[in-house]
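Think of it as A, B, C and D in the order they're written, each chain with its own count starting at 1.
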Amino acid sequence: MSDKAHTPLSSEIRATLPNVNVDDLLASIKYYVDEDYAHLWIKDQAVCLQCKDKPCMAFCPVAVYRVDKQGHTMVGYQACVECGSCRVGCPYHNIGWTLPRGGNGVAYKFG
Amino acid sequence: MPEKLMYDAIVVGAGPAGISAAIVLARGGLKVMLIERGRFAGAKNFFGGVLYTHALADVLPDYWDRKPPFERPVTEQGYWLMSPDGVVRIMHKSQHYQKEPADAYTALRSGFDSWFAQQAVSLGALLITKTTVVDAIRDEKGRVIGVRTDRPDGDIYAPIVIVSEGVNNLLTQKMGLMKADLPPRLIALSVKEYIGLPSKEIETRFNLSGAKEGLAIDIFGDATLGLPGTAFLYTDKQGISIGVGLLLEEFVQHRLKPYEVLARFKNHPVIKPYLAGGETLEYGAHLIPEFGYDRMPDLAADGVLVAGDAAGMVDALHREGTNLAMTAGRLAGETALAAHKQNDFSAGFLRAYRRDLESTFVLKDLKQYRRMTDFLDSTPHFMSTYVNYANEAALRYFSAHGLPKRDMEDNIVKMLFQRRSFFGVARDMLKLFQGMRG
Amino acid sequence: MSDTKRIWVLIEQEEGKAHPVSWELLGAAQRLSAELPGSVVEGVLLGDNVESIAAEAYRYGATKVYLIDDPVLKVYRNAPYAFGIANIVKKFTPEIFLVGATTLGRDLASAIATRVATGLTADCTELAIDPEKHILAATRPTFGGNLMATILCKTQRPQMATVRPRVLPSPNPAETGTGELVRETLGMTEDEVAVKLLNVIATDAGDQVDIEYADVIVAGGRGLGAPEGFKLLEELAELLGGVVGASRAVVDAGWINVSRQIGQTGKTVRPKLFIAAGISGAIQHRVGITGSDFILAINNDPNAAIFSVADFGIVGDLYEVLPELINQIKAQRAGHGAAEVAHA
Amino acid sequence: MHAIVAIKQVPDTSNVRINPETGTLIREGVPAIINPYDAHAVELAVRLKRKFGGKVTVITMGPPKASEALVECAEQGADRGILISDRKFSAADTLATSYVLARTIEALMAEEPVDLLLFGKQAIDGDTAQVGPGVATRLGLPLISYAVSVESFDPIARTGVVHRRTERGIEVLQTTLPALLTVEKEIAAIERAPLPDVIRAAQYTPEVWSASEPVAFDVTKIGIKGSPTIVGKAYTPPPKKAGAAVKVADKGVAPTVAEALAKIKIANVVKF
């Protein structure tokens, strides 16, 4: 069924999407950052280099993933809200995904 | 080496499913450990915002006396069909919704789950927080006999483990109950902002008479760029929960940024005035497992039961999940109690859990809507076409153009078939019908 | 004499050298004195062989200096200092007593206030005399700088406050100044002091990875373009006796260790000087730096949010600006001698 | 070895919101945490206990909710937690607080000897750094504030060597025991507690002491009566005004940099 590519989103609709600085949203989230353990990682940078679309740069709701000048994928695990989108959303299953150590990571104040 | 930590039952994850299971087990007199990886129960939990009380009452009949931290009762609810510049509202308000306790309440999970877990503790469950379960412990026959946590000296043993770990069901997979992750077209990603506003403002803006009234609105169409998904807006005590959810596949395919979709929705001319002056107190994201009835993991194995999001127990069509989770957790707890009585923790015995679930709304509803995800997946235009149509039809209907009413009605019908062929409409309706009938 | 309102200032000294906050406080004390009829400004000086500092205090406006000169006071230790000062406080009953909010001052003032059972307001940024009640109104930031509170001490005396260095203007000393020296005795022997100083290990600020305590931070962001950019930041930081920090983006990139990360998911810093090079200034970063005394931002994007919190902004290429900054500091250094953090 | 650690439960100031109209703290949605410095003090105490044997007692003054913080300390390995809680203590300033803690510690010292008293260097809500030194003064014990490491500790010889951070460097100080230390975060990195400790803590209920039992506090020295300082007014600080942003393209790099350095000089933050 749905391995087909969807009809692309029309450019008019895309143009209605505002630019959002996600870091401003992140300021509302409470994190307990585990400085000693990154619970997300790129399994193989070579795979990312070959990935043209890099959907993780878009779908990650907290913009954990960014690309540096060399095209390597940078992982800002500190901002992760542990939703799991990248675990299932990476088309190449190239993202190592574990849970943060107990007590670390996001702690929603309201939820 | 410290003594081996032995319990009668282990519950992994203090969400609605796990807490419900722990309550049943503790009330049944078992020594139960409820393990939560967050700093407190609810720290990792995030949802749109409506809880249904029927399932809570089944778990905790005196829940009302225990003063649950609900936000507002849902006294008005319905759908908004949103076009780029307008909205058709289908809302329902009834005296029925005024009775207390109400059928449904808006809630915030950090507070609610903490409270719910506290009830389990008050009934005798042992709640251990800040501890992540990383694997199962098995005996030589491969039966699950405990779990391994990420703490030093962190192995715990019990004849039965109830896995209610949530949508990222790594443990369920490690236990062999599910082969692999499901594809992104069977999982939705929802993002939400909780926007603080004084209660008086909320009541004025949404025409509520006080703190004992509240609104739950599901919004379709332009809110999700016309893509298959829903947006929502729920009133809380001193804030508004507003969010959008789309199948993860849509975000992947269209390279959409969830926070931009949400910001666009918040800026919609219909929505913006409701939020004016509000402050975003929290942003967050969560996956919703829309696995569907046919792709659920095995719910039982030797020494294990699975409940809640971990098993895909979500009825996305009716924005239900916590009530399915509570009911499944309760039944898992009851099955574990029965297993203790029989001293039989085999998969064969534990399958009674699934049979019990089949007789409740949990699996009946999931079975009925088993094709809904497929329907939306194969009819991606559904949202935009019909929602925009409803708006334009309403515009024609409510505007006076000097046309005879009969002509106007014909025009409205024609408009539809200009957008979608007669057979296209018929096919969509048939599919929708199939999706609804199961 | 009892109706004379004495405004006391601790003349903080170590190794015979007065801490400049003492002079800032003498300046403040004179302003308070002008609002408080019948008041005088006086200094309190403790140490071993430190009498010469009293002359300096007169030049900054002290009319009198109470001196306890004793070998036991050679190095600062809480007990003998607090004991000695508490005794003269009880004897001369000052109305107000100001102390610098330095490590020494905060340690000492708490012990004095406890000994004489009076109120102490810590870490003030502003002092005034309440015009109606004629008492000290001491204002301080609280809740991580989110709230300012003005604290009053209505009944107990003296009214004590510690004041942050460098938030009050440093007065110009008079050419000459005279005052009265009042010698007091300590009344405590070395045997009675339980704490002994064995050694002082000088810390090189450059080695100090703990950016939370750094006085100067030179921080880089994505605008650096490449990890090599940090070499330039290190050079500047070293020149200023500071440390290198970073925004989340470059830590994510693995260009620098997470221990350097500043902001909501990193560390909150309060340096005297914060130089932000190529940092866009997302709010999650900005919340970590707003406690800085002076923020210099360098960014080629004139709309970068960092400029909204900067005391001075340079819109330009950091690879052009930073080397020039280094050159000019070196040039000034050549003229004025070694770099030092002001008043530290 | 017996260490007493005094802790405080504080609102997480990185998430604090202030009602700008009333100048009061909005507590909703602000997590309550153990004052971060205090958590490191507990860790040091637990490490010393593991090395020398003995026990760790944690005390705190606060509302009933502060009991949670004592449970967290039990997770870290503390043996006993005492919450000193009474409405009569409310609105205490640092002088009244140090009185209550000192009397509590005296009562505990009367039960069994104490080798070490530990405080965080300051609480992140008030940032006063006054309670630890105040307690040391009241008890007449040696004080070492801003401690960054314990070089040696000998509960038998009753002596210890402690490093303390000051502006001029690290002071190495020898002290007799018992002594009171206020500590920086580096004093001990917090390690993950073993599961059995977490289980024990989850079942542990800290003791609650009131203003009259088991210690009868002098009511004139506690709460608002025992506090010489009061808050006259509270307000949110005005937002910082952005300074000028000068374009290199307009003025050239050297003059722009010179202007920046001049501004830094006027601000008097560093000397070149």
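Going forward, a residue touches a chain if its C-beta (ideal position, glycine included) is under 8 Å from a C-beta of that chain, and two chains touch if they have at least 3 such contacts.
A quick note: this is a predicted structure, and the numbers were derived from the prediction, not measured.
Trainee: Decide which interface, A-B or A-D, involves more C-beta pairs in contact, and give its chain pair.
Mentor: By the number of C-beta pairs in contact, the winner is A-B.
Trainee: Could you grab the centroid distance between chain A and chain D? Build each centroid from C-alpha atoms only and quote it in angstrom.
Mentor: From the centre of chain A to the centre of chain D is 37 Å.
Trainee: List the centre-to-centre spacing of chain A and chain B in whole Å, with centres computed as mean CA coordinates.
Mentor: Here the centre of chain B sits 22 Å away from the centre of chain A.
Trainee: Distance-wise, how many Å sit between the C-alpha centres of chain C and chain D, to the nearest whole number?
Mentor: 20
Trainee: Distance-wise, how many Å sit between the C-alpha centres of chain B and chain D, to the nearest whole number?
Mentor: The mean C-alpha positions of chain B and chain D differ by 41 Å.
Trainee: Which residues does chain C have that touch at least 2 chains other than itself?
Mentor: Residues 264, 287 of chain C each touch two or more of the other chains.
Trainee: Touching two or more other chains, which residues of chain A qualify?
Mentor: Touching at least two other chains: 26, 101, 107, 109-110.
Trainee: Give me the residues of chain B that touch two or more other chains.
Mentor: Residues 129-131, 149-151, 281-282.
Trainee: Quick check of your reading of the touch definition: is the inter-chain graph here a line, ring, star, complete or other?
Mentor: Basically it's none of the tidy shapes, so other.
Trainee: Pairs of chains that touch, anyone?
Mentor: A-B, A-C, A-D, B-D, C-D
Trainee: Under the stated contact criterion, what part of chain D meets chain B in this complex?
Mentor: Residues in contact with chain B: 28-29, 75, 192-196, 198-199, 202-203.
Trainee: What part of chain B is in contact with chain D in the complex they form?
Mentor: 2, 5, 33, 126-131, 149-156, 238, 281-282
Trainee: Show which residues of chain D lie in contact with chain A when the two form their complex.
Mentor: 12, 15, 29-31, 192
Trainee: Taking the touch rule as given, give the residues of chain B at its contact with chain A in the complex, in rising order.
Mentor: Result: residues 37-40, 42-47, 84, 108-113, 129-132, 134, 149-151, 167-168, 170, 181-185, 187, 189, 191, 193-194, 225-227, 239, 248-261, 263-264, 267, 280-287, 374, 377-378, 380 of chain B touch chain A.
Trainee: Spell out the residues on chain A that touch chain D in their complex, using ranges where they run on.
Mentor: Chain A residues touching chain D: 30, 101, 107, 109-110.
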